[in-house]
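After this come two complexes, each holding subunit A, first together with subunit B and then together with subunit C.
And then the complex of A and B:
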């Protein structure tokens, strides 16, 4: 039987919902509405007045080579971040799950990077890889490899991916470890007795049973790569060199607040919002079907 | 099919030894039940045979091999777990076929073997279902099916019936026994339930505190318990223990020694007419039998099992107890059986 609460006072339910609705309205619907509204205007060069252009901003964006390239950059970046953050975290979680002595110490240490703010994480990696003073850049130089991410777009991409993934590994690790520990030990033992090797057990028992966790993390990580990595990119590369690390969210910022083209920036926000919405729907419709709850 | 030989098996976790040297020889096709209270090391012993726990010292032989260092999958065993340990994301068919697929058994033979097991266990209508769509008894059967399709040399059961309700437990107990008889596979079965142990075992190993207190056929163990622990653990209600020797013409017992007598070996007679008198505290009528609880003048508590149709003695009445002195067992201060 469904349990229903009946309120005597007809205003009380609305009052109880009000704080959540207010937060959602102020921080989501209102700015989203503003973005949609502003995306139909372009400001003059001095920001004194705006002119209605309809869908002009969108038209301009899709005709713009840099914007189209930013899509590709975002795709490469988010796939790399998600795949590396998740697979590395899963690997660590599997190892930590097997540790018997001092497992809580390992766990605590592995969780630490999550407490580091994105901008600080960016600066940490920037120091290590600084082409002139960074210790890792120096080590690479000793090995005969020239590191200069301020000139090489590929290296810049590798660096922001590494920094972004590194920060997210802790979070993924935590969920993967909990997921692994929720798998009954006897199921694994039964598979061992059934003759499955470690790798086979992982592939046919552990990984399928972990799929709800994996799916959840996939959604979270893609959204992380799309939005929360802004701080990392801003501190390390500022989108460069030659826009090679300018992902969509960074372009929203640089066109809007550096380039002062608020109309285009707003149009990009609208596109980004739609894109992430579609991605999430696709994940739930097509990938979730393969999840065993 | 295989014999199992345990030689001086010991298990320690760090400095704590939990199994203190167990020896047993199990012949081919025998049904052995390891029984004991929780924490006695019976599951640990079984898991050592399975290869899920390392062996600190001693040797385990299965067939003609020493299996100490072998992986579980190399030991030619199958195990049924207490919580069944079915693979939740696989159908009943896939659960049973998993081990065969890994062993690269041809598809047609997998089909045939699973079908045969399903028929034997009446699981045919459920082959496409997931474990969560099955009842407890059906899951239990799938776990059994998974064990039998592989045709192992040894079955290991780790309290397989303790998650079932009482009625189903009795039914599954009979099925397990029948199945093992039919397949003729050596079985090691762990339980804390002495009724399961009595009914299933060809021989049982009664364990306590990491030691095998007695190994023997159920009725032998019942009639001739080697220790006071076995006397108390096997049999329900347990053997009566008295701190005073009540047999005529005997002196006092050695310090700490006790005598024991089974509740069914006592008859109620008129006060003064038996070996000893006791005051009835209360009766538990169970239908076929009645348990009469009381206290002797010396303060020992006693239970007497009488026929269920005999008129119940009223609470508080004094009654005589007639006991055949030959039925009385003696135990020394360490709990070991002594010859009268």
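And then the complex of A and C:
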């Protein structure tokens, strides 16, 4: 005899799924569909008239050398942000995991920066590194190093990477710490009794067991670097000097809200959408294989 | 934000419920905060107290770009205000939106109120006027670039603090002496594109763009890579290399070091006066913007920056009458003279200038009339009326990028300006296509 409870109603599962589906549709599919639709037009800002241009917006974008170059800028920026945010967070998490006295105080303080809005984070870093009045710029000058990110593209990149990564470190820290605490102590103790050093235990036991967390954070951090960092860039460099910190998402913002060119902005969103989709597929197909659950 | 919404709700309720509910409400969205916001509110409440037919409700919508975007979004949703403050670079965007705006000359004519366009300073109103002389938006806050001089710094470099700095050649001599004496920041600037390309072009009567700087049509092309501009940028680039010109950023970041006494010379908007006067602990002077004496016809006149008030389409006749009454009030010489003296912005009418002069204000605050003299010295030409270019906020961004290439030595002046013109033209073609 069948012991499971069976619901005969064919509609019930759909009904139960409906709220989630509705949210997904309204907040994800609809805007994405709108962006795809709008990318085929050149409208005027006030929406008084619009012209169908087919793939014209995409042609315009890919014909622009500066747009093509911003792919490379985005790649450099994203890799730097992801690697530095994750490695610092892991380092801090490993240290915090070993602290016995006052550990909760440390942890709370380390999580704080996550509550700071990107634009505020940008302004904070800008104050410290202002070439004229910033305290760190002044200290560097005392050491004989000239800091001027308004003219030096490399310094500007370093500054926006630092500000973006700093904000994300807390988030990564939280997950790494949880991941570390989920690793059975007995395994590590057994290795310690066998005489494995801290570094060896970390390399052969902790890091592999942490890989699901690391993988999750890799995906989240890349998406963060791609989409959520424009506030930092807007406040610190506005994409400059020249185009050295103009990443793709900043250009979406600047064409749409500074230039009021909604057609080009929509086309760029579609390109970004595709790019992140491809990146996520690649991550799941090729990197996830190496993850041990 | 919540507070603002709450305040807005309360204001809306009060205007609806109060006994004076017969008053027509006029919505005015603006981009002023801080001291300027207070002065604006003062004007509005003065107007509201002066009559009981109309009630102007002023609301801050963020900075200039945010205010423009708020206006655009509101128009798309059919919730536009009556009056929208738009910065000068948004002029072409507003003009292109014929179905979204109602020209000021039309609003004034329909209201039957007296409106004499010739009373306004031609150099100010010209920026917002069609080629056949019809005023599209009401000039509100306008300023023009001038040279701020730290006299103590000149003296410390062994120079005469009252030395002639009217031409760039003479400025060059002063910079040599300043550099020699160990000054770390002989010259810096704010708003580089506005001062050193847009105003430079007008001041030397050379075009910044074809089609009368865009006034005569959207099929305009940038010509900011002409001889005068290249020579000027090349000179500044050389000065940057020698440490005589210090680049401080795209906006007015140079203001802080100048006010702190670190920089000797500073090209900045005349509206920066209040800040310098308040903070500077050194003896300073305001001078006209320098020019190149070997260019024929220089100095012509400089052009303005700032914002104007646009009237939006789709309101009732009664509201437009209120807008006209409010504009009439804003243009009155008493209000303008006070605004000019409080903020350092230019007065928009000749009468307000005369009134300020008669009050002895310029004698007490030497240099505050330089901006007006510099703008009104000669009748504006096709090259010095102003600029009307689509996507101009973004084109300024491109110019900033290219100039940064000159300041850090990665590009020559000619290369940078050629590239700026080419990239800017691409945006102008996009704008032309969208506004066909």
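We adopt the following convention: the second predicted complex is superposed on the first by the 265 of 293 C-alpha atoms of A that agree within 3 Å, B and C clash if a C-alpha of one lies under 4 Å from a C-alpha of the other, contacts with A are read in each partner's own complex, and residues count from 1 in each chain.
Convention: a contact is a pair of C-beta atoms (placed from the backbone, for glycine too) under 8 Å apart; a residue touches a chain by one contact, two chains touch by 3 or more.
Since the model is a prediction, treat every value here as computed from it, not as a measurement.
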Practice item. Have a look at where A:146 lands relative to subunit B and subunit C in the superposition and call it first, second, both or neither. Key: neither
Practice item. Identify the partner contact of A:209: answer first if only subunit B is touched, second if only subunit C is, both if each is, neither if none is. Key: first
Study note, to complete from the structure: subunit A contact check, subunit B vs subunit C, more residues touched by chain C
Review point. A:132 contacts which: subunit B (first), subunit C (second), both, neither?
Key: second
Review point. Which of the two partners, first being subunit B and second being subunit C, lies in contact with A:181: first, second, both, or neither?
Key: neither
Exercise for review: In the overlay, answer first, second, both or neither for which of subunit B and subunit C A:189 touches.
Suggested key: first
Study note, to complete from the structure: subunit A contacts subunit C in the complex at 42-48, 51, 60, 64, 66, 130-133, 148, 150-152, 238-243, 254-255, 257-261, 263-264
Study note, to complete from the structure: The residues of subunit C that touch subunit A in their complex are 65, 69, 72, 75-76, 93, 96-100, 247-250, 253, 256-257, 260, 262, 391, 393-394, 397, 400-402, 404-405, 407-408, 410, 423, 426-427, 430-431, 433-436
Revision key, fill the gap. In the complex, subunit B touches subunit A at residues 50-52, 71-73, 77-79, 81-83, 85-89, 98-99, 102-103, 146, 150
Exercise for review: Spell out the part of subunit A that touches subunit B in their complex, as residue ranges.
Suggested key: 184, 186-187, 189-197, 200, 204-205, 208-209, 292
